[in-house]
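Structure first, then comments.
As written, the chains take the letters A, B and C, and residue 1 is the first residue of each chain.
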Amino acid sequence: MVKKFFERFYVGFILFFLYAPIIILIILSFNSSKSRSKWGSFTFHWYKELFKNQSIMNALYTTLIIAFLSALIATLIGTAAAIAINSMKKTPRTIMIAITNIPMLNADIVTGISLMLLFVAMRYTLGFTSVLISHITFNIPYVILSVMPKLKQLNPHTFEAALDLGASPVYAFFKVIMPDIFPGVLTGFFLAFTMSLDDFVITHFTKGPEINTLSTKIYTEVRKGIKPEIYALSTLMFIAVLLLLVIINRRNADKKQPVRKI
Amino acid sequence: MRKYIGISVILILMALLAGCSKKDGEKVYVYNWGEYIDEETIKLFEKETGITVVYEEFEQNEDMYPKVQSGAVSYDVVCPSDYMIQKMIENDLLYEPNFDNIPNIKYIDKSYLESAEEYDPGNKYSVPYCWGTLGILYNTTMVDETIDSWGVLFDEKYSGEILMIDSVRDAFAIALQYLGYDLNSTNETELEEAKALLQKQYPLVQAYVVDQVRDKMIGGEAAIGVIYSGEAIYTSRENPDLEYVVPKEGSNVWIDGWVIPKNSKNKENAEAFINFMSKPEIALMNFDYITYSTPNSGAWELIEDEEIKNSPVAFPPQDVLDRCTAFRYLGEEMEATYIQKWNEVKGE
Amino acid sequence: MKISNLLNIKTPRSPIQKTGVNSLGIRNAKWLSFPYILWMAGFIIIPLIVILYYGMTTNDNNLTMDNIATILNPINLRALRLALELSIISTVICLLLAYPLALILDKSKMKSNSFIVMIIILPMWMNFLLRTIAWQNILERTGIINTVLKFFKLPMLNIINTPSAIILGMVYNFLPFMVLPIYNVLIKIDKDIVNAARDLGANSRQTFLKIILPLSLPGVISGITMVFVPSLTTFVISNILGGSKIVLIGNVIEQQFRIGNWHTGSGLSLVLMIFILISMAILSKYDKESEGSNLW
């Protein structure tokens, strides 16, 4: 009994640790004072201001579009690559997986800097495309590593059977293989989306003056004091994702299906 | 089902791409200090001229220089401080604007143009935007004495209460002047002495900051901070207990000016931008918003609040200015020495 | 290794795989990997070569080892040592916090483990810079903890702008990356093995040491990697919570690039990279499960 209580307490403690800063940020979004270190009074003012603030909305838009495009392109390239790697012999497969691991092991700062040096060396103007390329680069591995296990579980004979029955390879692929690996592809996409959304360091080094993502926007504001609209925006995003996850969780629980991880 | 997903993905993608393609009109790339302009004025400029402003911020002169020099991005208007303008002129990075396109320079007070001659002889490259002094901001509820010397920054009594400035030249200027030396010193023993003083200060310092000093002083995190005069008006507005002083040992007086880099691709737009920012009404808007002293006499005359118009913080009396010195560019080698010594202080 | 454990995707290989037959039966599937190979060559391999080039040359394109040798500068050496100390301490703290948590979560009757994963990953949807700034609000002298302490007339907690604050920031930011891999490995341990050990008379301590701990090692190693690498190289956490008083190797590299010393910065990045590779190589010795399919 004591043990049980202790365990509950421990989980509670860790969750409190993880969520305390988030509670603070949510509280700050209702603070009428502009300064982080002074409490004015309770207000919804910043939520109204938020939608009028062009530069924050632009940053949000850039962030979402980069997250979406990079996740999408990474999913296409990564899924194709995973299928190819899966059909390779042991040695090339080992090499390919080793390369896939490089961006994961490399420090963000080194990946970001090396990409920046490349763009500058090629006289390529830093901007939207350079950030997008960088995000795709660090996203592909997440997709590959999500799709690979699903491929390994596939029964190869269904695909061959489809071919024998006269399906074209493309048709057979979409009818036979795709449905089975789709959960993995989806996981990869969402993981890539999240990683892109949260990235600061790589964007910091590869961006040009014309664009700001939320991360880089916040970083410039860290020094002068964060605009309270940012707290409001983050609160909205957080609550949106929270609701989404709760709904998905409900639905899955209702269906009593085995729940997919992440 | 999957078909619908596919179609909707394509639709979303198309919508996003359509939204993403920007109007390829006239542009001007501005590279300025953080929070150093009233964003309204940018909107007014865009409305009046139809030129789109691409705006980016830097925190220190030293961060700005390599970005302009490397040419990875070609900025059209940059706003460095005096000594950095001198360095850029010496390294042939600046373009000589056509002042026929900047008639509003006539609103810039003669005395500031004269001071600007020190780093920009003949006023050929730059148009002053803001100016100010470096000084101490202290919280009167946390400090009993009247502060008038840099000495408090090195006083053990205030251990943990000091916010030191995280900028090479400014930090060394403080130490050098406290020791009675010139803030443009290139003398190795003087610099070593200054470094030793700063190293002794390290354990007393709560944090090294530039822009963050604002929030921290307002919140009462520390008793004493080093700050640019322009911030002092804002901070005392937010927290009336804060007092600004230019120490008796003397300090740094600086001017930040608009310049156009040589690799700029929109030089005429840049000139239009500088001209617009030198308009008295616009300069006044910026002064009201960022509270940094304006060299624009036209704007000064428009200030309605007498208290601010005669504020000793924003427009210090002559005797204060007399004990202030401007930075000079000391050459590449000396610059590296300063940075090296500063790293030795902070790498404690 | 690291990601696969995070995702909980170490599935048992299908029997077909073992026979060595091409598992999909797609002939000529190789061309599907061409975009990927091109992409990786262009944006992973070539950038690394560029950084190597910058790291080993001077402004005038002469070959030099000076950039790499700047790591021997006492300031940089101290920054590297401090970064190492802080990241090792945070990794250990993360491990000590995460392992019991993962054990408890594994034991809990909660059927939907996606719910647990979600609860731990959810904070990541608030930008990590903001979360770190929030810690400033909590730890500051006029912050929440100290206001509470003051109210109860307790001594102040002065850890903002000290290495302790940075360690706290690292632990906070990277804890989920330690919990998830360990949890994902634990839930896959066959409970029959544990029961068998019990039936054969092992007490709970023995079961843990002889069965659970060894089997969870791959997750532990993934976790260590995913906490250690970002901690070692961070410059943001030390900036925000260290008040620029504490200089880590990440700060040094970032500063070099900020003031335009790309060659020195690249040289130091190379050193850092080699450092990480060596650490990972040592660690991977303990990761017996990876059977070569994961390089490190």
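Just so we're on the same page, contacts are C-beta pairs under 8 Å (C-beta built on N, C-alpha and C of every residue); 3 or more make two chains touch, one makes a residue touch a chain.
Values in this document were obtained by computation on a predicted structure and should not be read as measured data.
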item: Pair of chains joined by more contacts [C-beta pairs], A-C or B-C; value: A-C
item: Farthest chain relative to chain C (centres taken as mean CA coordinates); value: B
item: Separation of mean Cα positions, chain C and chain B [Å, integer]; value: 38
item: Mean-CA-position distance for chain C and chain A (Å); value: 17
item: Residue numbers of chain B (touch at least two other chains); value: 70, 209, 219-221
item: Set of chain A residues in contact with two or more other chains; value: 36-37, 222
item: Touching two or more other chains - residues of chain C; value: 140, 142
item: Contact footprint of chain B on chain A as seen in their complex; value: 35-38, 55, 61, 65, 68-69, 72, 119-120, 125-126, 128, 178, 208-210, 220, 222-225
item: Residues of chain C touching chain B in the complex; value: 74-76, 78-79, 140-142, 158, 161, 243-245, 247, 255, 258-260
item: Residue ranges of chain C touching chain A (in the complex, touch as defined); value: 1-4, 7-11, 13-14, 16-17, 21-26, 29-33, 35-37, 39-40, 43-48, 50-51, 54, 97, 100-101, 104-105, 107, 112-115, 117-138, 140, 142, 144, 172, 175-176, 184, 225, 229-230, 232-233, 235-236, 240, 250, 253-254, 257, 262, 265-266, 269, 272-273, 276-277, 280, 292-296
item: Chain A - residues contacting chain C, complex; value: 7, 10-11, 14-15, 17-22, 24-25, 28, 36-37, 77-78, 80-81, 83-88, 93-94, 96-111, 113-115, 117-118, 121, 133-134, 136-137, 140-142, 144-146, 148-149, 151-157, 159-160, 163, 169, 173, 177, 184, 187, 191, 194, 197-198, 200-201, 205, 214-215, 218-219, 222, 226, 230-231, 234, 237-238, 241-242, 245, 249, 252-253, 259-262
item: Of chain B, residues touching chain A in the complex; value: 2, 9, 12-13, 16, 19-20, 29, 31, 34-35, 39, 54-57, 59, 70, 72-73, 75, 209-212, 214-216, 218-221, 238
